[in-house]
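Have a look at the structure that comes next, please.
In this document, chain identifiers A, B, C and D correspond to the written order of the chains, with residue numbering beginning at 1 in each.
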Amino acid sequence: MTGPTRSLRTWSIADAGRRRLNEYEIVTKKFHYHFGRQPAPFDLDPDSPINQWYLRHREGSPVQADSWEEFSDPAQLNYRRYIALQHDREIYAERVVDRFEALDHDAGLDPAWVAVLGRVYLPARFALHVLQITSLYVGQLAPSAAITNASFFQAADELRALQWIAYRAKSLSLSHGPDLADSTVARRVWEQDPAWQPARELLENLLLAYDWAEAFTALDLVVKPAFDALFKQAFAALATANRDELTAQLLHESGVDSGRGQDWTGALARYILAARPGNREHILGWESRWQPRVTRAIDALAGTFGAAPAPADAASVRQTVDQATTQFRNSWLTAVPAT
Amino acid sequence: MALLPLSGTFLGDVTTVGVVVDDEDTAEAVGQKIAHHAVGRRVAARTAPIRVRLGGRVLDPDEIIGRTGVSPYDHVEVFFDE
Amino acid sequence: MSDWHDVATLDDLWEGDVAEVAVGPDTILLAHLPGRQVRAYQGICPHSEYSLAGGDLDGDVLTCTGHLWEFDLRTGEGVNPSNCRLYEYPVRLSGEQIAVSVPTDGRPHYNRCRG
Amino acid sequence: MPKLSRSDWYDLARDMNWTFGYVNEADVFPEELSGTGRVPPEAWLAWDEPYKISYREYVHNQVTKDTTTYSLKNAVGRSKLFDQLDPGWKSVVVAHYGAIAMPEYLASFGEARMGRFGRAAAWRNTATFGTLDEVRHGQIQTFFPYGLLGKEPRGDWALKAFHTNNWITLAVRHLFDDMFVANDALSVAIQLTFTLETGFTNLQFLGMAADAIDVGDLEFGSLISSIQTDEARHAQQGEPTIKVLIDNGHKEYGQFLVDHMFWRAWRAFALLTGLSMDYYTPLDSRKMSFKEFIQDWVVKQFADQFRDYGLDFPWYWDEFINELDWYHHAIHTVVWNYRPSVWWNSDAGVSPKERQWLEEKYPGWNRAFGKHWDVLTENVRTGNLAETFPETLPVACNLCQLPIVRAAGVLAGAHTDPAPLRHVHNGRVYQFCSEPCRWIFTRRPERFAGHKSITDRLWTGDINPPNIGGVLAYMGLSEAEHGVDADNYAWANGKH
């Protein structure tokens, strides 16, 4: 047998210097061979549309780093670990639903509260869908597989949250009327209700943020933290106040995903700020461009919380959101000294 | 003299090879340069003269390749003349 | 009484690696944990005599392939089950060289726990 | 379990298109990334995935699959199973990892392209799972060869191959960039999921898994069948997409996309699967020839499934059928001859018994191809090994990037002229192996023209020195990595 003459102990192109790579590193590092390739990322004509798209929105982004490969997802999630984690979390979520369904929880809800759910909670699936597909965009344009994969898993997290809302829409409709499970009704709220319009304007515009780093900043540092705080904290608290513990607990459960999301997006933001002196200015520039729209969106939605039987005033909702987003912002911004 | 990239097929071989010849080479020399990659390798050797066909015309062995109207990347067929 | 034995080098045992070496009658598990920490323990699982070097090391925790018993290789303590620990040999690093101290009492050195 | 079943609420999670009020829909779905502009936006609401799955079901199913597959890997990894495998089969596995692991990962880009730029929310949701699937396939097919590095260092090419300009890499990278990485969402659905996955890989993976089990490669067999179950699910995005396209009067465009990619998929299959099935897999584990496999599975599948949609056979169908008799044999001869330039050990597969099998399965094989192997065999036997190695490059096709083997087509009676087909675009000469490759190029020259084949790189000075040593170095192979004959020439020396 004229086999190979030597054996290898690790990837020849991802040698960590006498350190055994862990499973995450083995299946993540150096996967984006196409980033920065000459004359173009992909083996079609360099001027073909998608080569040009990547050259403009990825290689051409104002935010750059010397080696994107140095960034790792703090949770070190590869597919296998993500799936195992979420398998456990879904079992938990199913048990939550089981428990409340056994108590016929929905039937006991105040119709005035169900109306709030119909106006705020159920149409939120449109917003989550935008977060889902924008995460897929960030993932496909990201300069390293660590960012791509984390962003793809995040997209799946949004789909998870969205599907539980769809589940709840149907189950609520069984005791509170078929309109709740009518997409046309939810879509009308999303498209026409004044409380949703600033959010819709923001999210429709988010889909047009094509520079990958702007998309990351807008989605992960500005828009999503605010929406997550609004729904998974402020609205969950409102649900509890209105004796809808099922909604509250499902939102909290989804909040676990959001926390994991902030771990990697915060870490990436810190990495970006430290990578090159100019990056800070771009990130903060984008942040200041997107923040006013987010503020308007949150304000308009916060106004609906007052219609609940046990209401919350808009100011306190805003405060909850501000507190959460400021805390997250500090975690990546103030951790890095300005240069 | 200048380098002249050509593709050439030795009849009976499986593939067409890329070669770089000199435009001052004779057709005989071009034929040999292409035969080198096929004859005795995948095509059995024979004791027959080797000829070159360019654009349907069999070249005279002494013809200078650069004066045949050939262009870079043109294809020539090479074969045993039996 | 015990003797020091050169058993491996850091080039043999990368960070994240485990390996089995023999010193006289002793079968020894070497482990290179994150942060240039090298440990030596009994090489055979105290549960049912599987070689620990075939186990999976994830960070500091080694899972034996025999019956999935887990050990914290920082300390040698059982993680699951927890009522069991590995016999530990002293380790000395000089430059690249890894040396292990083995008692010269002529007895085998291992703990046993039946599960 | 929660009281509602998936079908009770599923539509509420996918009926999520809306009318854009603050931005232009055309800006949300730029044509170069979406490709859906031919069909009016509201027509996409009819998009209906045949196979439905919820997130809950997805994670529950996948965790089971992963547990099974990784447990088997761990068990096999501790055994001597890999060492005992036939050398030709090892080549199948090593070639597969280098050529396929990275494309599988890249397919997550294609899926994410559909997940963002697909025009229906139902499609985008389905593609979100497809994105995860392809991350899985990329990761599992690099993790497994990583585990083999101690025994089979060329498993390194699972990660390394796409970082190089190896000629096989160039061919697969060009293909998959065209098919799904640098492609729009609509074309990805039709070309990746409908044409490649439904048309070829679903079937091939089944066959390959069965072969793996047959030769005793339990690890690879379980890996491949586990992947196949994911593919079978997400491949179903093609069907509703082509249906929407056809129902809205764009059958011709759908046909064009299918014709374009069916040919390219055929080329890649001839290279990877053709060689594996007819030359590398040990003789007593071969259940059918590559030609029989394509006829029984791909052709039949194509006839049944593609024609259900009123699509026609591609215009080159006769040429395709004709090539089943000869094309991959020619490619095999070239790959074996260029064995130092590939990362696996090429298995000649032409011992007397194997030649008998080839002649039986491909009547005329001896006449058309056996005589090349006669010369090669003689050179091996007489110790004239130098003559069995190449000194220059074959001319590569400017579309499929594979060697132009029309000369073999002449021997097989399929062509009368061995000359490469030509096309001049903006003053540059392009050469092609076949009419379909030239047709694909000339239909959209701006998509391909700026790319250089490996031969172009030799001719234009990118490869230095311009000799075989320079070529091998350019391709990223260290000397220890040069492929060698898998059987150490036993096929030539022994067994008469």
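Simple rule for what comes next: a residue touches a chain if its C-beta (ideal position, glycine included) is under 8 Å from a C-beta of that chain, and two chains touch if they have at least 3 such contacts.
Note that the structure is a prediction, hence the values are computed from the model and not measured.
**Student:** Quick one: most central chain, C-alpha centroids?
**Tutor:** D
**Student:** Using mean C-alpha positions as chain centres, tell me how far chain C is from chain D in Å, no decimals.
**Tutor:** About 45 Å, centre to centre.
**Student:** So the centre of each chain is just the mean of its C-alpha atoms; given that, what is the distance between chain A and chain D in Å?
**Tutor:** Centre separation, chain A to chain D: 34 Å.
**Student:** Based only on mean CA positions, could you tell me how far chain B sits from chain C in angstrom?
**Tutor:** 68
**Student:** Centroid from C-alpha atoms only, then distance chain A to chain B, rounded to Å. What do you get?
**Tutor:** 63
**Student:** Enumerate the residues of chain C that touch no fewer than two other chains.
**Tutor:** Answer for chain C, listing residues that touch two or more other chains: there are none.
**Student:** Mind pulling the residue numbers of chain A that touch at least two other chains?
**Tutor:** Residue numbers touching two or more other chains: 9-10, 21.
**Student:** Using the touch definition from the top, which residues of chain B touch two or more other chains?
**Tutor:** none
**Student:** Name the touching chain pairs, please: which are they?
**Tutor:** Those chain pairs which touch are A-C, A-D, B-D, C-D.
**Student:** Provide the residue numbers of chain C that touch chain D in the complex, in ascending order.
**Tutor:** Touching chain D from chain C are residues 54, 56, 65.
**Student:** Mind pulling up the chain A residues that touch chain C in the complex?
**Tutor:** Going by the criterion above, the answer is residues 9-10, 18-22.
**Student:** Residues of chain D touching chain C in their complex?
**Tutor:** Result: residues 74, 78 of chain D touch chain C.
**Student:** Spell out the part of chain B that touches chain D in their complex, as residue ranges.
**Tutor:** Listed in rising order, the residues are 5, 7, 9-20, 36-37, 40-44, 71-73, 75, 77.
**Student:** Which of the residues in chain C end up touching chain A in this complex?
**Tutor:** Residues 10-11, 14-17, 57-59.
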